[in-house]
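Same chain, two partners: chain A is paired with chain B first, then with chain C.
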Partner chain A sequence: MAPQLAITLVFFYWPAGQALYQSMLRQDPFGLRSRFVWFANFRKVLADPAYLNSIQVTVVFSLATAIVAMCVALLLAVMAEKAVRGKGLYRTLLIWPYAVAPAIAGMLWLFLFNPSIGSLAYLLRSLGIAWDPLLNGTHAMILLVSAAAWKQISYNFLFFVAGLQAVPKTLIEAAAMDGAGETKRFWTIVFPLLAPTTFFLLVVNTVYALFDTFGIVHAVTGGGPGKTTETLVYKVYNDGFVNLILGDSAAQSVILMAIVIALTAIQFRYVERKVHYG
Partner chain B sequence: MIGQSPLRTVIAHAVLILGILIVAFPIYYTFVASTHTLQTILRPPLPLLPGGQLWNNYSEALFGGIGRIGGVSVGQLLLNTTIMALGVAVGKICISILSAYAIVFFRFPLRMTFFWLIFITLMLPVEVRILPTYKVMVDLGMIDTYAGLIIPLIASATATLLFRQFFMTIPGELVEAARVDGAGPWRFFFDILLPLSRTNIAALFVILFIYGWTQYLWPLLVTNSNDMNTIVIALKKMVSFADADTEWHLVMVTAMLAIVPPILVVALMQRWFVRGLVESEK
Partner chain C sequence: MKFFGFAAGVAASLTLLSTTSAFAVTQISWWHAMTGANAEVVDKISKDFNASQSDYELVPVFKGTYPETLNAGIAAFRAGQAPDILQVFDVGTGVMMAAEGAIKPVAEVMTGVAMSFDKSQYLPGIVGYYSKPDGTMLSFPYNSSSPILYYNKDIFQKAGLDVNNPPKTWNEVWEAAKKIKTSGAAPCGYTSTWLTWIHLENFAAWNDVSWATQQNGLAGGDVELKINAPIFVNHFQALADLAKDGTFKYGGRTSEAKQIFLAGECGIFTESSGGLGDIVKSGMNYGIGQLPYDSDAKGAPQNTTPGGASLWVFGDKSDEQYKGVAAFFAYLSKTDVQEYLHQKSGYLPVTLAAYEATKKSGFYDKNPGRETPVLQMTGKAPTDNSKGVRLPNLPQVRDIQNEEFEKMLAGQQTAQQALDNAVTRGNAAIKEALEN
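The block that comes next holds the complex of A and B.
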């Protein structure tokens, strides 16, 4: 007990407290004096167009990543349920990306799609698409979402497979007897029963897209071109360690903590519901 | 079981194979790239089959090539990353199994307060509090040390919660029986709890090993000197898409070296990994 408490206190509560305190300080440009300014930093951050932009970027990025990753994974999981033979082999081959670091995933995708030497970029260009993720913000975003979603597919896949196996076979057979076709069976029976899994994955994927993808952003685009791919976590890092605006960075940290706490609270209410669900 | 038409089975297999192609392609292509010469890589499109430079590239990279670009030998990088991944995995399992043991089996004042103190940390990943945590590290003089890389990542509650859930399923009779037979708290812990939680430990180990291996932001901040870099960070430093100086064939070899160990761990321990993943997150 004692060791974990000590580590938690030193590396968690102390920094969190400092973040709160620092978020209310403002330093002079030379870092010599700091003044206590209450919530001025929060007001400043929230009124900053760059911050609002990065909120927008983050929302787009997280939702796109979560939706793409989950749709692909669900499709693959449903197909894997059908394919009785070779299921284990498919699973083995599909869980690889989980082990790849986000930053490396980003670099691999950039290697494939970068305008000068990427082979797939070459393919796109020969199809007549002016592809350039280093200059075009939309393209950069597409690249990030693909890399982030790619890495998350295996995780979602495992959960959907587990969820599908929990759907009672008797229900499906009853529906088949009543004459429901395969598509109809899926949408009216299997999909609603999967709802808890889907919802859980939605939260997990959003959290993943919010935080674990810092590596991808940093390695692939560095927030650029312009600020089109600057997510919230990247901005905290950038303001704090590159631009050294400590108060702003701390205020952003506190806002992020609030977001995570909200998301986790949602998740736990769901977990409780699921217990009743059986 | 409902019969299904052969056509649909064929479609299912086709979709799965397509999915695997998409999922595996980036990794496969990295391997292909690591077996070609620099000139071939710089002139897209790259062939789909491995080239003949496998031996040359890997020996060049392993014996000095990577060291020449990054300033650190690849052995050092892999060593750092392994120490970090193992340290995070082992450290987290040790402290969380101990605190779960204390929370579940002992009654002491403020027990629930402590539990909540730990539980709240579940919600906040390192990423949201990087700057203050970094400052603490500087104050404690832990920049560029293994301890600095590992310890802050240990402070998280997921593993504690998992062990707690598992310990709560252990019947009270077992605890009573051990006590009647004269087993003290330590003996009970080592002779009964540890053997019972073996599968949980294995599952957690895989997940945490991957977690430690793939860390990016934290090693980036805490290590200033090249000697302490993890392989992921070193890889990022080696790559520059803007200029033509990047020695891609060596970069790709490094990428393979960074990808393969965690993939091996996942593939070899798949059974525990899948179980642990699906169970721990419920």
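The block that comes next holds the complex of A and C.
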């Protein structure tokens, strides 16, 4: 058997199979008593208003994170292209945040926006905004999106810079000679030609926001206040490892697995065909 | 020939090795969750125990936060690799109790090896919490704490409050907090850690009102929460009203509010006695009072319930290992060890003798306030309402309560609605946990 196949079997199919099996069991934390219940855990999870709320939270969070991270990165990349001096330094510095671990990024933003000691929270208060991410769900979500997006901006920036460099200068110059202004040139020439990069980043960012932000949620809000920032991944952790309801937690992770498979299929079958790769 | 001689020599030395290893020390593993000064206490106690005898070697291993340690223990048990001793926080007690096949009651460990075990040496309020309804002691109380009131004396002075007379009832706390806020002595009057533990579980015990049916879950069976009774509703409505103008400031679900108090933002603060270390370290001019009670409650103040953690022994270990565990627990119960633990960590002593000895040594005279948590816990014999609370899924029920409190403090619902929701959702979760 090929080694890569063995690795896939051991590290993917085996745990996935375990999760599937666990998702059809009702079990006490110690595994002393267990009952096979077929799909009862799935029915329970899908009928749980807290789970539906969690889906909604995840959609809002992922879209907001992806959009904010991409818009800011694109702006910075366009600016970087325009820079005449210190281009290299500017780019290098912008890549640094990518090296920061999600939990550390979360702690950093938590400190900045901590209602009692945070400097940015102080600034917001002096502007007359009653900043309180501990009790205000919207504020908590803004904080979370800021932290998650901030960490992803450098990655996106890197790809946008590369994408911008691939845009033929002749096209832009021709448009300029025809009298198209800077904004017009960007939206009609540069932006469409960036579509493959934008699409690739959209997928990467969405997947990042969906599955890679546990550390940030754990460090910043812990899913609160109420359940306003409990994402799907965080709920899997909370139900499984804090509340020790293993069946529900396994059922939720199987659902997440299905979502990943579906996303990948959509990406390959439909969207990838429609994007024009220059 | 030479080779055979060598082989025989190896065989002989191997036999020797295996026979000596039979006399070697038995290792006892202890997984714990203690950090900072409390971790030093664990290390010192272990070292001293190992030096005191030569049969057993206690090996303490740090496993992360309380929930992480509990999960590590559960995962290890499922993999057949459980440690001998596991430190489990108060909230995880119900989880451990429900796992009868996985653990060995401490009482059995102690008596099983022909060691005399006298339960009456231990503080009844603490031991009662870690025992079955029939009185069998299930785990060894290692670190127990009790919620108390701290106040900032400088802020009290500025607000014109009596520096030597901290508020005794909740109504007095509200009044003092309003005075602190309106006088401008501090931006907020009162804050608290652990709303669930302090304002529900201990509030119920201290005021001698029921938190849930079945002796708050200690008598077992299906439990129904009682936390939407008028006394709770009035209490939380008062908190919600004070939160509107910032007289009460919410810090978070666990001990985050400590920051707010340490920063001098609030004048009054309720928190575990185990949190004293950080307040001493900050150099604040602080005072300690007992946990406030509700002046409408007839029996108040009754007694508080223990927080902290206890040591559980896993089942299916060898007799030799149980002997080692029993020897360690006997060592841990010694008066001088308990005295050290109590004075160094701020946790309660678990034996009466250690409490008396600490008192005699003049420690409480030098450190006023350090006796308060002990007196709160042991002042009166516990009633059905004040032995503690126990559920198979207490962490989940506390989460539900916190979610409802947060909505209430954000002004989205009244105290009545919050507590009604907490009861409905909590009862449903308990029912489901029992089905598993």
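Side notes on the structure shown:
What we mean here is this: the second predicted complex is superposed on the first by the 252 of 278 C-alpha atoms of A that agree within 3 Å, B and C clash if a C-alpha of one lies under 4 Å from a C-alpha of the other, contacts with A are read in each partner's own complex, and residues count from 1 in each chain.
One rule holds for everything that comes next: a residue touches a chain if its C-beta (ideal position, glycine included) is under 8 Å from a C-beta of that chain, and two chains touch if they have at least 3 such contacts.
Quick caveat, the model's predicted, so the values are computed rather than measured.
Contacts of A:71 after superposition: neither chain B nor chain C is touched. Applying the stated contact rule after C-alpha superposition, one finds that A:222 touches chain C and leaves chain B untouched. Looking at the shared chain after the overlay, A:117 reaches both chain B and chain C.
When the two complexes are overlaid on their common chain A, residue A:195 makes contact with neither chain B nor chain C. By the document's definition of touching, of the two partners only chain B reaches A:261; chain C does not.
Ranking chain B and chain C by residues of chain A touched puts B first.
Contact with chain C, but none with chain B, is seen for A:136 once the two complexes are overlaid on the shared chain.
Shared-chain residue A:241: touches chain B and chain C both. When the two complexes are overlaid on their common chain A, residue A:103 makes contact with chain B while staying clear of chain C.
When the two structures are aligned on the shared chain, A:214 is found in touch with chain B, with no touch to chain C. Counting contacts by the rule stated earlier, residues 114, 116-117, 134, 241 of chain A appear in both its interface with chain B and its interface with chain C.
Touching chain B in their complex are the following residues of chain A: 1, 3-5, 7-16, 18-19, 22, 72, 75-76, 79-80, 82-83, 86, 90-105, 107-112, 114, 116-119, 121-123, 134, 150, 153-155, 158-159, 162, 169, 172-173, 176, 182, 200, 204, 207, 211-212, 214-215, 218-219, 233, 236-237, 240-241, 246, 249-250, 253, 256-257, 260-261, 264, 271.
The touching residues of chain A, when paired with chain C in their complex, are 26-33, 114, 116-117, 134-137, 222, 224-227, 238, 241-245, 247. Note for the complex: chain C touches chain A at residues 67, 71, 74, 77-78, 95, 98-99, 101-102, 250-253, 259-260, 263, 265, 393, 395-396, 399, 402-404, 406-407, 409-410, 433, 435-436. Of all residues in chain B, those touching chain A in their complex are 1-2, 4, 8-9, 11-13, 15-16, 19-20, 22-24, 26-27, 29-30, 33, 41-46, 94-96, 98-99, 102-103, 114, 117-118, 121-125, 127-136, 140, 151-152, 154-155, 160, 210, 213-217, 220-221, 232, 235-236, 239, 241, 244, 248, 252, 255, 258-259, 262-263, 265-267, 270, 273-274, 277-278, 281-282.
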